[in-house]
Every structure is written in structure tokens, then in C-alpha cells.
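The following pair of complexes shares a single chain, chain A, combined with chain B in the former and chain C in the latter.
Let's look at the complex of A and B:
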């Protein structure tokens, strides 16, 4: 009995290491065309970009309940990534998983650079995710015209209405936690504007934020900005796009990454 | 109600005087102590009293009327008096029957513990009986338990005892519920909230029927990081619209330790995942036959069978929380909860078909006569139970036998402490070889 328990433990530990990173990677995400929301799309794109940067192949599977499958994650809980028997969800935990396997893009970074990276990443993740959630769930027009239709599209009546209000409640709770729930749209754009200034200052004339090689931060920034650029939004919130478009370094940066990793995607 | 026909009027009283020889008729019935109850609601309850021909009838019918009145759910306590008719124009064999009662207060409450299937719960209930004067009852019920987690129920019940259909004991109720079922063996939890409409009545042959419609949202949550992926894929909210029929027949002499009689209960469901689409049917039947033997022993044969039919063209397959799990101390003894059946990724995956049977020999405790009434709380049993999943045949059947002692709690529940010996199991099954403890109210 005891022996078998020890064997079992040993096997379990081995299993963690056996999550060979060369196993097939499957990304689960909501349906692209009809269901996915801005923040979710951004998070999914960031993960896909990151995997492309790591030069890993992956398959994307669309399923309606992707966010409920997630074992981790605090914000969008998307995408869910399955590698063999291992599952992780959301950008941060997925990156941690790869880093744990010493497969990160920033292995040879100095501690100082690493701290920098983490700071920028949490800043970008916080501000842009909040912005996207704010636009989707707090702007009346977007909420009515886009968010509710998309989020409810996979549920039958009357579950679609129930799920819409449940999710809205959860999102507003999240925003309240960051003190974002009572901001006006202009204040939100202002925050994004400041973030863009910071990013431009960091980017400078280089190809990527930390020199000539891409990092997690590049994947994250690209994922969010590209989604904001390409998502069809009503004119009432077009100020956001215009604000980001002011910074040509950032648009060029996005174009560069898009061309390099997603040759097929047309803007 | 109203079934109070004087069936056993042949029995005479102990004093040797036959009350049947005394002519009697009931001239008047008084019901005192009612305030908010409407008159028409209670009238039917004592109607048969007026048909009495002799004093024996009067006594019996008073008894039935008493039961009927109590059943109306409006009295806290009730006393019946029979007196001779003292009015001026009274006939010399006229009687007056009086009922003195106290109405239930506007709000009553209870706090207590409840025993479920291998589960204990703390419950609190607040009831407002007889709201509009015709037995309507609204209640809020909250329970917190070890396995089922929490349950919140709001129920409005309307009986129709006073209408001409009263003989069939019709009752309608509307419940709004929210409860959560935990399936620790498969590492998920299922939350269920919605409303339930229920119409129950007693049909001829003393079969109780209830027709229910349930509408709600079911949501499966993975309970920890080890939850396998195939269960995760079923997580998320799901609409649940169910038409259900429950039929029950019970002729047992007792619920906890029956010695004779038959009990059958069948549940049939038509399940849909949207309001307009119904693609699954689920049947579950429990049957039990008790045969008395000599020296206080009795033989019990019980069985269960459940089956799910699905049409994949109409809707997605039913999620794992609607499937059957076989095994456990209250069903297939000798196996862990959900321990008999097929596994996937290390957890039971549920099945769409199962059956299980049990054969018991119940005996009183040895030297029972020395324990007095305390000994009646206990019984010993020898059992042999077998069952199977996914097939109706005896291939790969699971069997276990054993001996145990059972203890009665109240009128419904019992505790069992069994020594089990699994005889036949399948490779992936999880068995309990020694002692197994069970608490519940419905056993196999």
C-alpha cells in the first residue's frame, strides 16, 4: 500500500515534468465571429502571439463555454490552453506555465529588466483590460448594440438575458475593485492616453520593447491594441481608437508584429 | 378525505355493549375557534357525519372528521365532543358534535436538523399557514448541509380539499428554489435554480400522482484543479426545462422497517435544453416487496432501474450531473459512492442505464424481548445486493453481501452500519471491504 502511494506520488511529480512542451497545444476560446468580446479577444490574441513568438504550433477550438472551463484567471479567464493533460487559462498563468518549463522569451534577462517587464505587463494588462471591459459593459450603446447580442448569442431564451446580467454584474464588480466603475469615458481615454505615452517612451526607436527580440510584453501590447484597432465599435467610442492612432510608433509596432507573425491577417 | 366510509363498523367496543344498537343521528355540528378560515373550506370535512345511522357510526365518523379537519392544515390543536341534542325541538336520539380548535398563528417557524441520503442538514423554515382562509400556505425553507451545500426554497401551496374534487386530495404548489449538489467523487458541483410547478393528487388504487414542470438554470462548476478536462468541457450554464411525472404506491405497514407491503415509485422526465426543444427522457423506478416470515423476521426484495434516452439530433447530450451513478452505502453496499461504473481520467463518468437489486433478511435483535421498546429501534439484516451499469444483462455484474445493524431515527430515516463483502467487481470499481456507514431515508 505504502509503496504504491509513493509510486503514485513519484508518478505525479513526473507527470508535471512530463507535460512536455512539445505536446500538442490546443487553445479553447469563444466563437470568433458571433460571441467573443473585446477583452476576451485581446487576451486570446495576446496568447496566440506569444505562442507564435515561441515558435509553437497550436490549434484553436471554438466552444461556447470556454470561459467556464478555466481553472485559473481573474479577469476574462480566456483563453483556455491545453497542453497534454495540463490546463491553464488567461495570459499570466499561461506564461507562468511556459516559464516554469524554461521556455520563456526572457530567460536571459537581467533581474532589473525582468522587474521592468513585470511592471509594464501588469500596467498594460490592468489598464487595457479595464478599458475594454468598460467599453463593452459600461457604455450604454456598445452594451445594447454589441455586447449583449454577442454574449447572449450562445444561450437560448431566456438564459441569454440571465447570463448577460450576471456577467455585467461580475464585470462591474471587477471594475469597482480597480475603482474604474464610476469613471466617465473621457477619463478612461485619458488613462489610455497616458499609458500610450509611457509605452512610446519605453519603445523608443527599437523594434520591440526590450531591444531586437520580442518579449511577453510585446505579445500583450499587440494583442490588446490590435483588437481595439480592428474591433468594429460605434462612433460614440471612436475617440479611443483615435487616441491610440495618434501614436504612430505604436501603430507601426502593431503592423510590424502582425506582418511578422500573422502574415495572413488583413487589417 | 371523504373516504371516511364506515368500513369496520362491525367491531364492537370492549365493554360488550354494541353501540350499533343505539339509533343516532347528528343534528348539529359546531366548529369553534375559527377566525380567518372561510366556512366553505371546512364544510366538506364533516359532511359524512350527518349520514350516521347509529352511535357507532357517529363515533367513527367523528374520528374521520377529526382527521380530515387536521389535514386541512389550519388547526394547531383540536378537540372533539359528542353530546346529546338539548334544543327544544330535538329528537330523542339527536346528537351534537362539537370541535373546539385553535387556529395556527399567522407565522410559524421551525429550526431543526434533517437527514438526507448519506447527508445531514441544518434547516430553518418560516411558514405562513392559511393565508387567505382556504388553506393556502407560503413557506421559506433554508437548509445548509454537508453534501448538498445550501438550499433555498420558496413555496406557495394551494389545496383544493373543499371542492368537489376533494376526495382526490388535489394540491398545487409553486416553488422557487436554489440548491447545489456536490459530486465529490467526480470533482464537480452543480448549481440549480429555477421554479417548479406541481400538481399532485390521489388517483384510484391509492396511487399518488404528481405532475411537475420545472424550469431553471443548471450550472456545473469544476470544484478543483484536478477536475478532469472532459468534465470541464461541460461546465457553464445550461437551460433546463423538464416535464416530470412521479407516481407512487405505498402499501407498506411502516416506512423505516416495513415487514409487509409493496412500495413502488417511478419518476419519468422529459428534458429539454431550451423551451422549444426536448430531446431526452429519463426514467427511474424504485420498487420494494416485503414478506413477513416467522419469529418477527421478514424478507425484503427491492430493485431500482434507471434509464436515459436521448436524441442527439435534437439537443446536446445530457451533462454529467443528470446521469446515474451506481454504488454507495444506501444503494449498492460494498462499493464507494459512485464507485461502481465506468471511469474516465480517474473519475466516475456516470451512465445512462443502471439497475440494482437487493435481497434482505430482516430480523429483530437477538434477545429482543429483554430490551423492551428500545429494542424496537434496532434491526439486524443480512443482505445480498447486485447491480450493473450500461447493460441490463448479468455480464460484468457487481455483487456484494454482508450483515449489518440498522437503527431507526424518527418515522422516516435510518442509520445502517454494515459489514460488507464485495463478491464480484470490475477492474476500475472502488469497493469498501469492511464496515460501511449509511444514513438516509430511501435504501435499496
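Let's look at the complex of A and C:
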């Protein structure tokens, strides 16, 4: 069947083959304290968690223009990851790279588990990223109090307004594409609630989503949920946090991963 | 309850993706008492797209696939589903939707065909406007997924990534499906409605350029799945095929037998040549006559009048003849 040609095209073998895996990994992201937004923070944290799960060392470089360094990517375009000559943005291409080098966390997975992994990841990625973008850019209060200040913080006076409206326009366009732009906050929370139910059912009482070892899905879910937990949000949108907090399995799950992979930083 | 959808074509119950999804969901969940109507216009929908559903008890309107399904679920019309449903639907949508959208509304070879399909099903004067909403939606998809605009020249339409994603997804469906009747554990699920809608459009539409169709045709179980479900849940008069398409199909079938149905017999061609030659010369002479390039003068009249100098030779000749 036409399958082999597809795989070849998709992975772009030659390019990926040339990547030297023992080179240093550098992650570029916006400034943690002042600039970074909810969705960007989540996707950066997911990548960092993934690399930690793989036991790879990496350096984080903060720079104001990280978003504009991205060669590709369709959602937040962050973080930008550099391994030698290989530069990619967002979670997907990085997973692809490690998978291609047979170094991924799910090397010995059965076909069915792999299916689940891929489908759950696309579900989590789509719903949580959209929720974060929605909260940051469509809620009037958050937009005024947090998003505009943070996003504009690195630009001088007239440019910050231009950049804010430019980015807001782009985000709204993205949300419209997913039919999310006209939803009410309650509907968004409803979707998150449903997602949490699905995740809890998948998690069961295991340590990780696929048994006792972490996978890409764990990294992704942790990245998003942890950011929503820890981000300071005004009370008008606190319903979101409360909704996720209802599911004690998920909060425990986040605590477990935080302790295991990020414990040293905190103490 | 009344459900408003686009009328079908190519032996399908509807031409629109979301309409098909809703219709299939209704059939899968075996919901009775919903009247399906095709005599409607997107003008009455809140978001400008079909399908929409009107709950006759309180006249509330639900537009779009998700709202309709949520309403139906609230009413108790659920399918016993696995929790994976949502994830599967999302995965399929993310991978198949962009390229299918591009194929239908972005590809310059197909756009006329699909626009006509939608326009024919929308009453005047809305038929000039509403089909273009789909094109605009497609534009959004292209800008979001592949960073090009439909107004760019065709050579700049970089659809490789979309195409590969879509074909990979078709392979995945085909592999997971195997020879089963339904997608998950052999029982009816919400995801079947989505897969059926996508595959039906991919396999049944007759477009000038349909790359996904040729790919899907390679996986035999996909077309078997669609045909089975169609036969099982929709009866003949729910599916629709216009006379024009029927005629086209018939012609195609005949083509297989004779090989040259398109060419007219030589006598027809000769007749056409003669006719066109005649019409052309009538037009030319007519133009020449009325603009005064030449005159037609009848000889008898000339003899009665004073002979003109230019015709003297001619007169002389006739005179001589008389003598």
C-alpha cells in the first residue's frame, strides 16, 4: 500500500537522521516571571517534563522573542528547542524526533496502547490549549489585568499595544477555527470537566496513564494541569481551577510527577 | 423535533459533513420522532450553517453538530459509549478535517463542483452567499494549519503536511477497523457516526480531483464499512441522487463497454462542419451587405432606369443579346 511512502515523507528521514542526539539541548522560552502566558507556559512545561522523563539534560534560555524564532508550529509556537542543527517548536516534532531515534518512552508499546496514546494526546492538547487561550484572550478581566500586561511587558510604549492586538487577533482566529470563539465560559468549563472525567477513567488507580512508567501523555497532561493550578487567575475564572480540583486523582497525579521530576528545584 | 439538513447527492442522505454526522447519530441511537427536512435555508440557522434542530416543545434552536448532540444526550438519547469516543473523534477530526476541507473548498479544480452542490440546495437569493461561508471557513483552516491563503497562486498551496496527516489517519482507521462492522468492540458508538460521515464524503463524492478517494479505495474495508452502514440504516428514499449525476454515471458505465461514447459518429461531425460554415458565411455576407462593402443590384430594374456608367458594359452586352 501507499504506506511506506507516507511514513518516509512524514518523518523526513534524511533530516532527522542527521541530528546528533548527544548534542546539548537548549530550550528557548519567554521570560518566566514577567512575560510568559498560560498556554505558552503549559507547553514549555510539558516539553521540559518530557525531557526530564527521558533523563536528558537541557538548558533553558529566556528571551523575549522566543515566539518569533519558531520555524513551525501551529498553536503557541513555543518552546523552541535546539539540538545541534535541529530546531523545532512545540511538543509534536520533538516527540517525533525521539521516536525516530528509538529513544522514546513508548518503544515497546503494543499497537493498541500506541493508538490510545496518540488519540488521548490530541484530545488533551486540543482541549486544554484552547481553554488556556480562551481564558487568556477572551475573558475581559484576565485580558486586561494579566494577558495584556504580560504580553506587552517586553515592548516599548506604542509597540506593546500593537503586539497585543496583533496576537489577540491571531489567537481569536485560531479559536474560531476550532469553533471555540463563541463559546461561553461555562461551556468551556463543561468541556474541561468532560475531559477530566475521561482522563480519570483512563488513569484509574495507577501511577501513570499507561501503568507504572511515564509516557508522553503524562508529560503533556502534567504540563497543562500544573500550569492551570499554579497560575494566579482572578476569581471570575476560578471555576476552572475548582473543576479540575474536584478530581483528586488528577491532583495527586500532578503532585506525584512534580515531586519526582521537579522536587529538587523546589527544596 | 425537526432536523434541517442539506439534501443528499451521490446516493447519500446529505452532502454536508456535519449533517451526515448528525443523521448517522440519530440512526445509531435509534431516535424516533425526528422529522428530517431538506427544504430549508442556512439563513434561519443562528450560525449560518446547517444542520440545525428545532425542539418543538419549546421552539428552541440548536445549531451545529456539537450542540445538537449535547441536546440529544441530555434528552436521554445516548449510545452506550466507551470513554475513548471523544479522543477518537478528536483525533480523526484533527487529521482528516483540514485536508478534506481543502479538497472540497480550496482546490481550484473542485471548488466549482462543490459550490454548485451547496448552491443548488440553498434557496434564492441566499445561494449566492452561503456557499461562500464554507470557502471562508476553508481559508481559516488553511491559514491555521498550513500557513497559506487560498488567494495565493496554486503553486504556493503547501498541502503536503495536511495530505500526509489525512492519509495516515485513513490508514489508521482501516487498520483499526479490520473487518469489524463497528469501530469499537463491534458495538455502535458515537465515533461511528463521525467516521461514516468522513468516509462517505471521501468515497462517494465525484470530484475532478479527489486524492483522498483514490487512497481510500486502496483500503477495501473502508468502502465496505460505508456501504454496510448505509444499507443498514438508510433506506432507498432517504438517499438522493439527482438526474444529472445519474446520467453521468450511466455514461461512465457505457464508456467502459464501448470505449468511445464521447466521440460523435463522422456523419454528425460533417453536418456540424457544414452548418458552422453556412452560418459563418451568412454572417460575413450579411455584414458586408449592410455596411455597404458591396451592393446587390437586380438587373431588370437597371434596364428601366438611366444606365449608369459603371454598368455600361453589362448593358451593352444585354442589348446585343436582344438583337
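We adopt the following convention: the second predicted complex is superposed on the first by the 246 of 267 C-alpha atoms of A that agree within 3 Å, B and C clash if a C-alpha of one lies under 4 Å from a C-alpha of the other, contacts with A are read in each partner's own complex, and residues count from 1 in each chain.
The rule is simple: a residue touches a chain if its C-beta (ideal position, glycine included) is under 8 Å from a C-beta of that chain, and two chains touch if they have at least 3 such contacts.
If you're wondering where the values come from, they're calculated on a predicted model, not measured in any experiment.
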item	value
Touched partner set for A:63, first chain B, second chain C, both or neither	first
Partner chain in contact with A:116 - chain B first, chain C second, else both or neither	second
First, second, both or neither for A:162, with chain B first and chain C second	first
Touched partner set for A:242, first chain B, second chain C, both or neither	neither
Comparing the two partners chain B and chain C, which touches a greater set of residues in chain A	C
Partner chain in contact with A:82 - chain B first, chain C second, else both or neither	first
Complex interface listing, chain C residues touching chain A	47, 64, 66, 83-84, 86-88, 90-91, 94, 140-141, 143-145, 160, 164, 167-168, 171-172, 176, 215, 218-219
Residue ranges of chain B in contact with chain A within the complex	217, 219-222, 225, 227, 229, 232-239, 273-275
Residues on chain A engaged by chain C in the complex (per definition of touch)	1-3, 6, 9-10, 74, 115-116, 118-120, 122-123, 126-127, 173-174, 176-177, 179, 182, 194-195, 197-198, 201-202
Residue ranges of chain A touching chain B (in the complex, touch as defined)	63-65, 67-69, 71, 82, 85, 87, 155-157, 159, 162-163
